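Chain lettering (A, B, C and D) follows the sequence in which the chains are written, and residue indices restart at 1 in each chain.
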Amino acid sequence: MNQKTIVTGVIGADVHAVGNKILAYALEEAGFKIVNLGVMVSQEEFIEAAIETNADAILVSSLYGHGEIDCHGLRDKCEEAGLKDIPLLAGGNLVVGKQNFEDVEERFMQMGFTKVYPPNTQLETTINDLNILFGK
Amino acid sequence: MNQKTIVTGVIGADVHAVGNKILAYALEEAGFKIVNLGVMVSQEEFIEAAIETNADAILVSSLYGHGEIDCHGLRDKCEEAGLKDIPLLAGGNLVVGKQNFEDVEERFMQMGFTKVYPPNTQLETTINDLNILFGK
Amino acid sequence: MEITNTMLTNDQFFEERKNVLSQWKTGKFVNFDETVAYQKLIPNEKRFGNKLAKAKKEGITLIQPRAGVALHEEHIKLLQYLEDEGEADLLPTTIDSYTRLNRYKEAEAGITQSRETGRSMLNGFPAVNYGVDICRVVTSSLKNPVQVRHGTPDARLLTEISIAGGFTSYEGGGISYNIPYSKNHSLEKTIAHWQYTDRLVGMYEEAGVSINREPFGPLTGTLIPACISNSVAIIESLLAATQGVKDLTVGYGQCGNLIQDVAAIRSLNILMRAYLDRFGFTDVRVTTVFHQWMGGFPQDESKSFGVISWGAAAAALAKVTKVIVKTPHEAMGVPTKEANAAGLRATKQVISMLKDQDFLEIPAVITESEIIMSEMKCILDKVEELGKGDYAMGAIAAFEAGVIDVPFAPSRFNAGKVMPARDNDGAIRLLEVGNLPFTQDLKDYHKRKLEQRGAFEKRPVSFQMVIDDVYAIGKGFLVGRPKKH
Amino acid sequence: MEITNTMLTNDQFFEERKNVLSQWKTGKFVNFDETVAYQKLIPNEKRFGNKLAKAKKEGITLIQPRAGVALHEEHIKLLQYLEDEGEADLLPTTIDSYTRLNRYKEAEAGITQSRETGRSMLNGFPAVNYGVDICRVVTSSLKNPVQVRHGTPDARLLTEISIAGGFTSYEGGGISYNIPYSKNHSLEKTIAHWQYTDRLVGMYEEAGVSINREPFGPLTGTLIPACISNSVAIIESLLAATQGVKDLTVGYGQCGNLIQDVAAIRSLNILMRAYLDRFGFTDVRVTTVFHQWMGGFPQDESKSFGVISWGAAAAALAKVTKVIVKTPHEAMGVPTKEANAAGLRATKQVISMLKDQDFLEIPAVITESEIIMSEMKCILDKVEELGKGDYAMGAIAAFEAGVIDVPFAPSRFNAGKVMPARDNDGAIRLLEVGNLPFTQDLKDYHKRKLEQRGAFEKRPVSFQMVIDDVYAIGKGFLVGRPKKH
């Protein structure tokens, strides 16, 4: 009965809604409690929602290419807000263009993300990794 | 009235007939006297025809990839047969696979060819070059 | 704020204009009369509308990429490459996402960061930040007509700068650049904003400068039933024509079933003309645009070429005026110029090979297009009823009531009840009709079609089909069949 | 030498066999009974005919590349790559041109030179030189069924070695591997050679080992009217069935007009079954193969993807059992394994997306296929008449009389009077009917169709159209329009 709560949303000025809707639906089906903020979510909104719902992880999507700019500083703001060490996952098409994923991963890890995902990450992978993260 | 005679044909075990037929037709239309040997022509047949018709050039096609093997020694045989310095032109898909054309050209020039053409050489180019060759 | 479908008065317009031009520092350099003079110097063959009209007359299909980067020198090089190496007939300037949301400061930061890192940190060209003169440098450096493509709910300043900057075509609309591209903008607001854009275009038209206008056909690009996108296209066209727009290109996003795709274009052709004429807009010119599949793409580049080419084939067989081309990098990110040109060349080959084949009048297409047209009539009649004859009011009320409802849209002003799924032939049908005002016959038809699929797949008709269909093309199929089928 | 369409007697066959097996040193290692035992150990899913039958039943289209290199280790790697990275459903082993002309010494030199230079100096895999054991190493290293594809007028030894080597399908025929592939072989000779091949396959069939046989559909691959290639397919199928062949795949090379291409397959399906049944071969299984455009390709790889994908689309819409796939290197030379896999993946994407769409019964296709079928009947009736009921004698006489006449063929036993050209929709018609035994109605039809094109292009119907059409796809079009059109 130890259901994990996850905040999901698409960060920044990004309106790609399809993946977000399906991700939220599938994670719920997989047994998580999902707080889905939809698209165009600011860093502040992610943090507020995580505090309010006492979330176990924040799952940030960014599709439109500005992910690097939009995610900058999120970890620091989490710490400031008292969300110590909350798992921050990022996925989607995080940067502009087809770039070497290792480099992108590296840059996002340095920004304090816990795990970073390449384009077209399958639902199964996401669910699996979350289960591992929560030690199931 | 100084009509130039050209021997054409597809060398070796090569049966690609389409380009040969069209080339012969177009060169005739362009005012040359064409002795077209068709496909599957041996080195000996090229030389015999050139001697018999007192040809001004031999135009060798090879499409199927064995051109390098098939053309080997043609220049020497021409010299032996008394066809001193007769222009030898080669074109088509001369070697197996997509290779750097400069290398292919180099190899064929070393085999004694006068001029070497890459895949898909246009009719206009062929006609133009022949006119230049004959100093028109 | 009450909004009606009537032409803005000069007073209204110029009052608003002061405000618009002061939204960012580049606004003050826009001058209407000087722009009219400048636009009149653009040679005919470089005007978007002219090139489209010529293509329509000749029965050929033009090709156009999407492209835009942060730095203007790079942007020019990119577009030159696409016309030279990609054989593009029409050029775009795709605007970045910050500009689309009027966040000009963030766009400015994006330009700076791009200069610093040497990578484009913006997903498009920030035209407003650059202003009129640099836009003119862009548009005058190219051999082909250039259009601004974006997704901006409030595009008033961008319109002013674009036209002054020498662009001769402008994409968007108060519905199509709101519902798929925004979360919180009300339709009242965005329709009003786009009345401004359309009125500005109308005023240029009156001054002898024709700017082509293109409502955005594909909406969210994901399994959109033709009756919905076609209805939106007709409404936006009527709104634009009311403001004096005379040159329209209406569009549709490929779904993948050939018969249905050609039928969608056929029904769009027929009813668009009928509605424009009915409201007296007989002098409005209409051309069509077909978007290659707008949903999720395969990761693999060769497979993407397959998707791109199939889109090109459908466009050619539907005899549209232009096709918007995807690239083999689609699933990965904004394409390199090489990948963009590759998509164009594959498309050009197919389009040219198929230009003498025409599927618009084959019986299966006629049958399917008649279904689409009766669906459109259900929707548009209800819109007219709700708006008491006014299509602006009607559209707003229709979205509120779910009479128009765009699947997967992020906007909170969209009902989100309609759910599409593919039938057994891959044509898009409705799993949830929501509040679309369909006749019982039409509802039954959709139901029957999906039940056929369910029977074939030996599973119930359910939301799982929708999910499977969303992923299908990315995974190499059209219909998302259950595993082990 | 008089040849009739009757089953070879055991005496005839085994007498000839001694001779065949001594043509090259590897022949002596072929053992019929041991091969039967070996072939029976090949699992069902790796047998060509089984996989085709399954696909036919499921209504799906399989994909198959062409591929062959000089060195066998490299050849195995190549084929493994194509099944793993290219998602090929069926595998080929394309034989080199020396082997095709029984010049085994030159093939041997090619192998040696390839080892020395590290480049494949042969344009295919020299199976005869390698012999039974190495062929078995090849066929058993792969997950999918493997077929020998070649173009060999006298393929008797190659057939022996191929089947003993574990291949489960074999391409070719006495006409289709002569007329397009040879200059001096008489039809009497090659039909006799292929009676041997077919009888060998028949004997394996009787011993419980079914080998799939595929006449080569596209002939010279260049603007071949469907009635000609379909007629040859039927004749070769009857000849094969007479020798005891039970599993046939009949083919057609894409022309580019979708309606005509689907119609060609439809008419092939219908008349093939009718002729086999009429002669009592009701137990012969028939599947179909569609060849992506076999004529000159564009130089550009992206454009080639366009051509490849359009071929994939036509194959899927015609619901053929398999499609033979071209590569983006086609115009340049034998493809790298990467280019080969790329063509396969583009094809797989299109085929899978379109698998639920079917154009075989749309009215325009039915109409066109009825024209093709009446043309085929004119030809086949005359063949039967000339052969006094014997299709072997009839075929020989028909070629002599130009009743069958393959455009652009190198063979001196081909009349070479027929000249094809595209009509205004890109469908292939006849500019010169030569001695094809068409009714006046049919002749008028072709004439009318080409005059329509002439009128449109404002030029006389002439050989220049043929030339323009030969180059057209390579230059990006289907119909070779005059410049400045």
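Basically, contacts are C-beta pairs under 8 Å (C-beta built on N, C-alpha and C of every residue); 3 or more make two chains touch, one makes a residue touch a chain.
The model shown is predicted, which means the values in this text are computed figures rather than measured ones.
Greatest Cα centroid separation from subunit D: this falls to A.
If you average the Cα atoms of subunit C and of subunit D, the two centres end up 45 Å apart.
Work out the mean CA point of subunit A and of subunit B, and you get 65 Å between them. The distance from the centre of subunit B to the centre of subunit D, with each centre set as the mean of the Cα atoms, comes to 30 Å.
Among all residues of subunit C, none touch two or more other chains. With touch defined as above, subunit A holds no residue shared between interfaces to two or more other chains.
A linear topology is adopted by the chain contact network, the touching chains following one after another without closure. The set of touching chain pairs reads A-C, B-D, C-D, using the touch definition from the header. Interface residues of subunit D, counted against subunit C in their complex, comprise 256-259, 298, 300-310, 312-313, 317, 341-350, 352-357, 362-364, 424-426, 473, 476-479. The part of subunit A that touches subunit C in the complex is made up of residues 12-18, 21-22, 25-26, 38-40, 64-66, 68-69, 93, 95-99, 119-120.
Listing the residues of subunit C that touch subunit A in their complex gives 97-98, 100-101, 103, 106, 109-110, 113, 119-123, 151, 180-184, 220, 222, 295-296, 299, 329, 331-336, 339, 408-410, 463, 467, 470, 474.
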